[in-house]
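Chain naming follows the written order as A, B and C, and within any one chain the residues start at number 1.
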Amino acid sequence: MTLGLGREALDALRRDRTAVVCLLVLGLLVLATLAGPALLDYREDEIDWSHMAAPPFEAPGHWLGTDRLGRDLLVRTLHGLRISLAIALAATLVSLVIGVAWGALAGFRRGRTDAWMMRFVDVLYSLPQVFFVIILTVVFGRGPFTILVAIGAFGWLTMARIVRGQALALRDREFIDAAIVGGASTARILARHVVPNLLGPVIVYATLTLPQVILVESFLSFLGIGIQEPLASLGNLVADGAAELETAPWMLAVPAACLMLVVFCFNFLGDSLRDALDPRDR
Amino acid sequence: MNAVLEVRDAAVRYALARGRTIAAVDGVTLSLAEGEIVGLVGESGCGKSSLGRAILGLVRLASGQVFWKGRRIDSLPRREFRALRGEMQLVFQDPHACFDPRMTLAESIAEPLRALAAGLEESARTVRVESALDEVGLDREVGARYPHQASGGQLQRAGIARALIVAPQFMVCDEPVSALDVSVQGQIVNLLARVRRERGLACLFISHNLAVVARLAERILVMYRGRIVEAAAREAIVRAPRHPYTRLLLDSVPDPHPQAARKLLAAVRESPAPLADAGADGCPFASRCPWVLARCRTSAPLLRPVADQQLVACHRAEEWPKGLTPAAT
Amino acid sequence: MSALLEIRALTVDFLAPRVVRAVDGVDLALGPRERLAIVGESGSGKTQLLLACTGLLAANGRAMGSVRFEGRELLGPGDAAAPARGSGIGFVFQDAGGSLTPHRRIGDQLVEVAMAARGMPKRHACDESLAMLGRVRLPDPGSTMNAYPHELSGGMRQRAAIALALAARPRLLFADEPTSALDVTVQAEVMALLDALCRDLGMALLLVTHDLGVVAALAGRIAVMYAGRIVEEGDTDELLANPAHPYTAGLLASVPSLSALDDGELATIPGAPPRAGETIQGCRFEPRCPRRRERCRVEGPRLEAGGTSLVACHYPLDAGRSP
């Protein structure tokens, strides 16, 4: 159903060279996180006693050097990226599903339903996220699941607001009236007409949310609230690296560079997607 | 008369800022017999679209009742009204806006079947969509297009196909040709006339163009500011109108004959635009009426029979038994 | 009589996403105080023609050829038409709200134009603007001066927009479907207004419309456009009484009239106008033409004198005969 218009969007995207580059870079990175560690000599928790805190390109087999404990930095970074991406994807997905359902229903129904649903969103919005995360950490302990819940619990709020605005505008479009006259139930209208027509802004926002989630997670891990040993996300790596900035700057540089690259690519891709999905004059 | 649709004293109100409301439809009564086509004429803001939408349950009535085959439907809960959707349909004004931009025309036409005849198999559904396309004169190839790839005329035909696919008994056509090119309008009007004849549909044809309405409808209702001001057979409306607004409408129909057009120009009175809240108790047309009396500003005339099958809401209706003559003569 | 506006070989192309030719080699001339109407339906290019003349084409549009206003070329690099806009040429749009800035009072907008275009001091400009609002028959010019556009009805807004277009006392008024968005009862009033204003202020009028009724009332000459080209041009009375081009005849016949009240079918032209950008060999109207023959499919007709008007047709209608 959306294929016809998806094709036009893909064409537009293909023409945007920077977007293509970003897509390729991201693709390579994902490939690297999946296949990379298998191809490299060292495992991420393997300690190389003879090459501790070795700078990049010096120690054999350690392309990007090692950290204070002699663990290969490249492998650790790839693993860290894998974890960060996994959490970000999961959290974004959760935000998407809850946010779209919530916002679409509120915007479509209007009136009191809308008012109550969005008031709930407003209340949650005003809670300080970090506080909440700390409480969750105390209750559930540190770990990827806690982080997922913490980020997911707040991530859907903005999505819901955006979707609700779109749904409100959509409600006034004549083809919705046509669907009502054609006997469609509210559920049917939401599923077949409202949500597919919202997808544009939703996809764009999701692509822009992803890097934000990565940053939030990194920040929390940096603070020591998020992921903990033996798992290490990019945030943890950055934290470790920051401690060794004077003596082994590559420990910070490598994961930080990786983080920046991923965030930049997603942001740029999101911008290009927004332009590509813009309805044009025909 | 076996009236299949009856509207009694319907009113639709919209809320304005600061607690005021405006009556888009202000006490309208009409009825339609099986297979009958009635035209509803009026200009923007007169409430004709609101009335059409209220009959189909898209807008709530502030007061009054709507009866379908003797059963009251205006206050039905949403779910129960849905069961009736197969019997009453609507053709929209803007062909570009009434289609989901993400679905092909054929898919949009199939939607009412999916919603109302859910048990139908895919193959049976496809057959019905194809025959609907045939009926309105569209190729299969056009059915596979997206709305932005089709012309206004094609979209409007698809809209008619979508309305007809559930075999309704009553159809509201809300300005179906106003957004189309003049040379294409005739195609759609002819299509509607043929389809209605073949299926015996009752039809409420809404338009601001009296000339188009006069082609299709045998009975015409003229609406002004939410009220019916004249209701009569086609001949009477066009040849012997008794309400000053009907006369004004007739005079304003653009005529591509230069002599007539220039005479009209010379005769047009430069009357100022009406004020919104003029005389809440008087006739709504009083501020523009060339035949206005003092009485008209204080008491609103009721719609009453003044001749055989002719209803007029004007205090002076009896004074012109042969109808009002054109301004240009 | 030297022409006030001279259009030669005007061609308008749009470059993205594909190259589309909206106007294809149009020649027109308009003298002072003359009134010309360009009639066409969607895809005829009539609006793009108007926009090209005033330098208001969209960014991806390219106008070629020559448009001279009072001898000065309007199609040039940069915004060559800018000096003519407002002072020599006034513009009335279809959507009256379009030319009026929504967040400024009407009086302010009028005064600003009068001061800029005619170099008046403010007090004088205010008086002039008030007078102009009265001239366009607005019921309460004083309060309209202080009103915002959204506070007026459609018809009143259109009158205010006309007043704005006239504030700089143009010699030529471009009107793009000035009555299409209005109710039919208000249309007649606005038409009468335009008629009176052009006469009183000595303006020429170039009117673009799809409505033959408006044309019959206002224009002295008509040019009929189809798919980017002029297919017929001539004196209004003559052309409407004896159309030579089958499209013109078909258009006239399609206008539903109140004189014949039978149940018969409405006359119509089968098919639809070609979509912009379709390259067609031969006559563009051929697929829909009741008089078409082999030659029409292969060879595109040129605009030539035929009877009392110019026609672009291999087999034009004879005066007095029906198609």
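Throughout what follows, contacts are C-beta pairs under 8 Å (C-beta built on N, C-alpha and C of every residue); 3 or more make two chains touch, one makes a residue touch a chain.
Just so you know, these numbers come straight off a predicted model, no measurement behind them.
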With chains as vertices and touches as edges, which is it: line, ring, star, complete or other?
line
Identity of the chain that, by mean CA position, is farthest from chain B:
A
Quick one: name the chains whose C-beta contact count is the highest of any pair.
B-C
Distance from the CA centroid of chain A to that of chain B, rounded to the nearest Å?
51
Whole-Å gap separating chain B and chain C, where each centre is the average of the chain's CA atoms
30
Given the complex with chain C, which residues does chain B contribute to the contact?
43-44, 151-154, 181-187, 189-190, 193, 208-212, 214-215, 234-235, 238, 248-258, 260-262, 264-265, 268, 270-273
Would you pull the chain A residues touching chain B in the complex into a rising list?
1-2, 4-5, 173-175, 177-186, 188, 192-193, 196-197, 279, 282
The residues of chain B that touch chain A in their complex are 53, 56, 58, 78-79, 82, 85-86, 89-90, 92, 94, 97-104, 107-108, 111-112, 115-116, 146, 148-149, 159, 162, 166
Given the complex, residues on chain C that touch chain B span 41-42, 137-139, 153-156, 183-189, 191-193, 195, 210-218, 236-237, 240-241, 250-252, 254-258, 261, 263, 265-270, 272-273, 275
